[in-house]
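A, B, C and D are the chain letters, set down in written order, and residue numbers restart from 1 in every chain.
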Amino acid sequence: MPIFVLKRVLMSIPTFVIVAVIIFALVRALPGDPALMMLGGNIDDEATLEQMRSQLGLDQPMPVQFIVWLREVFSGNLGTSIMTGQEVGSLLWQRFGVTATVVLLAMGSALLVSIPAGLLAAHRHNSRTDYAIVFLTILKLSMPSFWVGLMLLVLFGAILGWLPTVGFVSISDDLGRGMLYLILPVTSLALSEIAVLTRMMRAGSLEIMGRDYITHARAKGLPERKVLWRHVFPNAFAPTLTMVGVMLAGLLAGAAVTETVFTLPGLGKLLVDSIYARDYPVLQGALLFIAAVYVLTNLLVDIAYSFFDPRVRLS
Amino acid sequence: DSMVRTSLNADIRGTNPGVTRDGNTDEVHGHMIEGLVTYASDFSIIPMLAESYEISEDGRTYTFKLRKGVKFHNGEEMTASDVEWSWNRLAGEASESHCKNFFNGENNIKVTSAKAQGDDTFVITLAEPYAVFLATMARFDCGSMAVLHPDSVNADGSWNKPIGTGPYMMGDHAPGRYVELNRFEDYSSRDGAPDGYGGGKNPTVDVLRWEIVGEGAVSKTALLAGDLDLVDIDAMTAAELKDQPNFSVDAAESAVWDTYLLNSDDPVLSDVRIRRAMAHAIDPQRIMAAITEGFGKASPSPVPPMSANYTDVQAKYLTYDVEKAKALLEEAGYNGEEITILATRRNGAYYERALMAQAMMMDAGINARLEVVEWGSQLEAYRNGSGYQMQSFTFSPRLHAGLSFEMFTGDADRKAWKNPDAVAMMNESLRTGDPEELQAIIDRLHEAFIEEVPAIGLGHRTLFTGMSSKIDGFENWGAGLLRGWMLKVKD
Amino acid sequence: MAESTEHTPVLSVDDLEISFGARPVVKGVSFQLAPGEIMALVGESGSGKSMLGRAIMGLLPGGGAVTRGRILFQQHEVTAPKSLEELRLMRGRQVGLIFQEPLSSLNPSMRIGEQMYEAMREHTDLTEAHIRERALEMLRQVKLRNPEALLKRYPHEFSGGMRQRIMIASVMMLKPALLIADEPTTALDAVVQKEVLDIMAEVARANGTAVILISHDLAVVAAYAARIAVMEKGILVEAGTTQSVLARPEHDYTRRLLAATQLGKPSPVKGEEGPPLLAVEGLRVEFREKRFFGLMADTTTHAVRDVSLTVQPGEFVGLVGESGSGKSTIGRAVGKLVSKAGGRVVFDGQDMDDCPPALERRLRRRIRFVFQDPYSSLNPRMRIGRIVREGLRQDKTMSEAAKRAKAEEMLEAVGLPREMAQRFPHALSGGQRQRVAIARALISKPDLVIADEPVSALDVTIQAQILALFKQLQSEFGFACLFISHDLHIVEQLCARLYVLNKGRIMEQAETGALFDLPRHPYTRQLLSASPRLERAQDGVRLASSDDICGAAMDKLPYYDAAGAEAPYHLTEAAPGHYVALRGAVAQKEWQ
Amino acid sequence: MSFANRILGKANGLAGVILVSLVLGVAVLGSVYTPHDPLKSDLLNRFAGSSLSHPLGTDMFGRDILSRLMRGAWVSVSIGLSTLLIPVVLGTLLGAAAGYFRGWFDRVLIVVLDALMAFPGLLIALGLMAIIGPNRYGVILALSVAYLPAVTRVVRGSVLSVSQSEFVEASTTMGNSRFYTLLVHVLPNCIAPLIVLTTMMFGWVLLAESALSFLGLGVPPPEPSWGNILAEAKAHLMRYPMLGLLPGLCISVALLGVNFLGDALRDELDPKSTTSKEVI
């Protein structure tokens, strides 16, 4: 394992270099000028703008800016936010903590629901249960997550008044209250994931359901539950697992909508804010960080993959 | 402890007034700091930390008499040397603030000296007289040139925390989550009633808390759920909340100006008849009514109605008249050339305004097209004064009638009105210290504005605030900044 | 659970009809089975034997249904169960089914051990340790070596015969009251087959298990079954005691069946002289299993050690040997499907590892494979017609229509109706799939066919037909064949030369005639003697006694013995063209 | 039975065909005819309820909702379908090649994909719009790029599994080129997750377009798409929920149709499904 992991990590270095170059180019290619954005529409004079630019180091030629940034990055310094002056490194880490908590909880609960649901739908293929599950997932797929989030908020926050609507308490500070604040965002994210994963799981299971070894498992007299769980599931899970990887990476990189609706100080919100504000240091730092999250998540998924399919060797 | 919970749509950018700032941040800072002078509710200048001030005959020397017994948040008493230190912090050579350029000659005003005289006098000398000097000093984005205790910075000169004289002092700040301010027990208030950003401030609420809520629909929900007490809302929500029992809605006209900037450099729009035709084609009344759900009305002049300089002259504008528009187009030989309206999907109805203008222009036979871009792009087009023919735009409050024209008049690329006569008049309006002369210039400027149509004004935005019924004492004013010290919490 | 007594049948099948859609595949079959009785079910390939077996479990594949009649197992009406739970509790515990195709019946992502334990856990209260003990015991009984290590491995790491034995072990482990064994020994060599069937019979006797033994091999049937039921085209055409059916077959099909067991005089296909078409030189194949991503030590399986063999153009060469001895692996190495640890494969004078890809592909097209497990070698989403036609893909001279016609012709040649071209592989019986694989391989007139147990699932009439086809096509276009088989009689019929393999090494190599007449190596002798055969007697056919296998030279030579695999190995020429494996470097003259 | 008949013979197939034809029909109709001009606003008649001339009422600018939904159907469906094209075709080919050939190609592709995935769709959209300008090609391209990695990875995963099968080995030994083997033997056996993913993506695209619209990056208004109708309704959801529910409903109907059809197709392509069995 360590050798394999090491290899993969080494392999990801080119990813980072590519990412760094693209990040830099793309960020600079964005229309809009950070100095301008920072001053809002109130540009009273060119001098102020110039002053702002030189403060931000934007008056240097591009290649110089790139070298400066790269050098700083390699020495472990991602710079400070134009927007708030915070250290980008610690800012990212802090925000990532929030996002990761929500996303992992949501993914965990989504898997708990969608795997059985997908298996059940496949097991009862073309029955009323199946159609109901398919219908519900599609319905969810056609609802914008923003809207669902807001409805949850209105229902549980405003109408029923069971859960808080704004604010956030870290679970490391106060577990009980922290959980209270997490319920809605986690539910809202999980709902979206459930819709996707259930459908993937169902399709995968249908594919496996007809295999001879499933019949053989039945011939052993295993109860249907065990047939599904022990024989269908591991073989049918592969495409779902890939999807989990893709989604997990995507969400860890930021669940901007959810974080906005549920006022979570997460990475996604930070990223979107920094895009809007053209906060170059934060944007660049966040993108690099996210690239790292991607590489790592996909690495884990690949390892898990060979666990579910012993014939696929890690290379 | 009593607490009022309100919201900001983005976190504050820092705690350093005049340096790390934006609109949201200014609102929070405004509770902690004060300057020598500030704006009254009619946007005239009144003393704040100054007991009084005097302007010399030649209009170059300003002598501020400081109030006695004003305490900083650390308990120390304010002296003239603190004022001088604070002035240099923002306007001195080493200043990191954009405010420095307002006083170093880059923009009309050149301060030649700013010195403490004794313990309670502060004197500023200008190279040339300039009428809006005090108004510039009072600017919110410079925290009214806030007077801070020198301990606000660390020994190495880096920023520590704001130690001001305001009615509230810095409390908890959880980045990305909330900002809290605590009532300053030893606040020394002026006498009298609150007036604009000045006057007597007698805070009763112990804690003001701003939650960072990025989405308007969420803060509204939180208000309904009782998790927030006071939030900025949009017209739609205002209409909806108005009739609900436990809530109240405040609607106030502000000095925020909604307008359409026209690019006179454009080949089509360079013909003033076309611009005039456009003005006649657009009905500000209907548009304002639509975007404010009937709360607001049109006021096309750049000078806000609450301004002392707003008179019958400023109330005039090119009225909605499709026939006239068509005739003008005909006259100008307009041939269906496309006119694009730049807009963005951003709070502030930029898009809605553009869309409605487009529809109205189409009715008058103008081939108008909408181009919706991201805010950053629009801002860039605005700054360069190119890449657009018409754009829906909004200017933040300018609290001097001259500045109301200055915001789109001048030589810079971004300014829509580059006519030298207008620029000269505008500059004149900023220099004169005589109110009557000022009014005359402003009137002339307005006439020329209607004549030349460098922009089509719509109106001054109505700001809506939704509150739970336990909040008392809330009053909005033209500048739109929250004044937490006026709030009371009912039991 | 009600106990069944001696005189009431455990199973009674009554006028059973099974249909796929409107097409019946089992038509009005009735029979009864007493406790402890072993009944053989023989018959034509595709006659519905497997479907009958699956119907008894209540596990017909999708689309299949019992359309008439009933199945009564003990007190349970399988065709109309009171609840699905009733069926479930019956399965595994009381009725065990050994599936015909072991590869596709084992879960590829689950360790063998787990797959064996789970039914035990479900049906018994034994502790984990006990269950494991039972599993190990069972694996040992089916002659799998080192069962402790096997438990942790995955199905794809086993040879065909090993998988089959794993299947048998996992089903018999539960000691069911009724055992349905569907072609349980198709991939087993004679020695192991005998041992496994002995075990099965013994377990049946000890537990009063009734057995339905579905087999194409009449000799096997004759040795173990008390009764025989013969099926043809879905109809049970004849049933009776083994003796009477063999001696006095009444139905026409049965007679043909028995007639086909007499293979007549061997007519091996001799090749041309000159340079070999295929030469495998010093081939070594190792499977290295990384445990925990290489963190723990590797376990290495030496599947093939230093094997050299040649096939002359037009020659049929047999490769026989114990299950798991590396036969398939040699074939796969020739096809480059496993990586070699050493050695070369030379085809038509060209080293296959050392030639440009385009040439390599051209060479490959002249070699065709029949895989041991036909089902998994057929693309499940392709219709049979297309699968067979694919063999002709490289032929650019033929039109699509001509290919289509040729494919249908080929299907008929292997005894499948033309209409089967429209079906998907899953809708075929085991033997039918095997024939599709053969058709696919032969259609393109290759120069070399590597056929891995190509007729193991076929009944003798069809076997004879296929063998005849091989010979006919051979004489038409003269292809060579490396014939991998456990069935010595078939090999004897076809092959000019034989290689006997054990544990990845060649034990003996000779002309077929010479080898059968004078087998030298003890392993070869054991193999020959274990292989049951029928012989014609005055009153029909009977099982030949196996001890009259020419007991040749009972010499005292130091034969290489796979048990002591570490000893030096030496292939020595005992007679011209007859090589035997000896231990150490023994001088030739010493024993001539 | 013909292929079409078999699809129609299934509950989900029938439902899928009906819904999809409905949506396509409305889309095609909407491209040439709408009862009112979908862009024509009438500020005196905002938020009008249902009436004879406006069966679904009018929106915040007094535009006819029915007309907008009809034209929106055309815009959304055409964008949705064109957006699916690039990720599905290219993603399938790339993923298949990576999973089947493994080796350096796989490694490089994974690196590039990881790099690509690291960019939030929003950023890609912003960048692309800056280059191409805010038009529907920008939307299509931005969304295509955003969904490419997901398809590629899912296909790659399935291909990894399927290419271990013996029938794939069988094809190799026949001297078939690797490309042919991949196309004919491997890919058809990876079809199930691909169909599901594609049908789901159709929905994501419609919604993502809505999100982009809201940022001023989607289909440039006032041209209606279901996405931007939904986005515009956001501010009015509480008071006039119909404004949001109607486009939402349209998206749901389209999605249900596409997904049901996808399911039916999947069933049909599964050789083991009972209906596909040719009875002889």
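Just so we're on the same page, a contact is a pair of C-beta atoms (placed from the backbone, for glycine too) under 8 Å apart; a residue touches a chain by one contact, two chains touch by 3 or more.
The model shown is predicted, which means the values in this text are computed figures rather than measured ones.
Participant: A-D versus B-D: which interface comes out with more C-beta contact pairs?
Facilitator: Higher contact count goes to A-D.
Participant: Using only alpha carbons, which chain's centroid is the nearest to the whole structure's centroid?
Facilitator: A
Participant: At what distance in angstrom does the C-alpha mean of chain C lie from that of chain B?
Facilitator: The mean C-alpha positions of chain B and chain C differ by 89 Å.
Participant: Report, in whole Å, the distance between the mean C-alpha point of chain A and the mean C-alpha point of chain D.
Facilitator: About 21 Å, centre to centre.
Participant: For chain B and chain D, what's the span in angstrom between their mean Cα positions?
Facilitator: That pair's centroid distance is 45 Å.
Participant: Approximately how many whole Å separate the CA-defined centres of chain A and chain B?
Facilitator: Between these chains, centre-to-centre, one finds 39 Å.
Participant: Can you list the residues of chain A that touch 2 or more other chains?
Facilitator: Residues 30-31, 150, 210, 309, 311.
Participant: Can you list every residue of chain D that touches 2 or more other chains, as numbers and ranges?
Facilitator: Those would be 126, 130, 164, 234, 237, 272.
Participant: Hunt down the residues of chain C that sit against at least two other chains at once, touch-wise.
Facilitator: Residues 61-62, 156, 426.
Participant: Which bits of chain A are touching chain D when the two form their complex?
Facilitator: That would be residues 11-12, 14-15, 18-19, 22-23, 26, 29-31, 126, 131, 134-135, 138-139, 141-147, 150, 196, 199-200, 202-204, 206-207, 210, 238-239, 241-243, 245-246, 249-250, 253-254, 256-257, 271-272, 275, 283, 287, 290-291, 294-295, 298, 305, 309, 311-312, 315 of chain A.
Participant: Quick one: in the complex, what on chain D touches chain B?
Facilitator: Residues 39-41, 43-44, 46, 60-61, 126, 129-130, 134, 213-217, 220-222, 231, 234-239 of chain D touch chain B in their complex.
Participant: Residue numbers of chain D touching chain A in their complex, please.
Facilitator: Per the stated touch rule, the residues are 10-12, 102-103, 106-107, 110-112, 114-115, 117-120, 122-123, 126-127, 130-131, 149-150, 153-154, 156-158, 160-161, 164, 192-193, 195-197, 200, 203-204, 206-207, 210-211, 230, 234, 237, 244, 248, 251-252, 254-256, 259-260, 263, 266-267, 270, 272.
Participant: Which residues of chain D touch chain C in their complex?
Facilitator: 164-167, 169-177, 180, 184-185, 188-189, 269, 271-274, 277-280
Participant: Under the stated contact criterion, what part of chain A meets chain C in this complex?
Facilitator: 1-4, 210-213, 215-224, 226, 230-231, 234-235, 303, 308-311, 314
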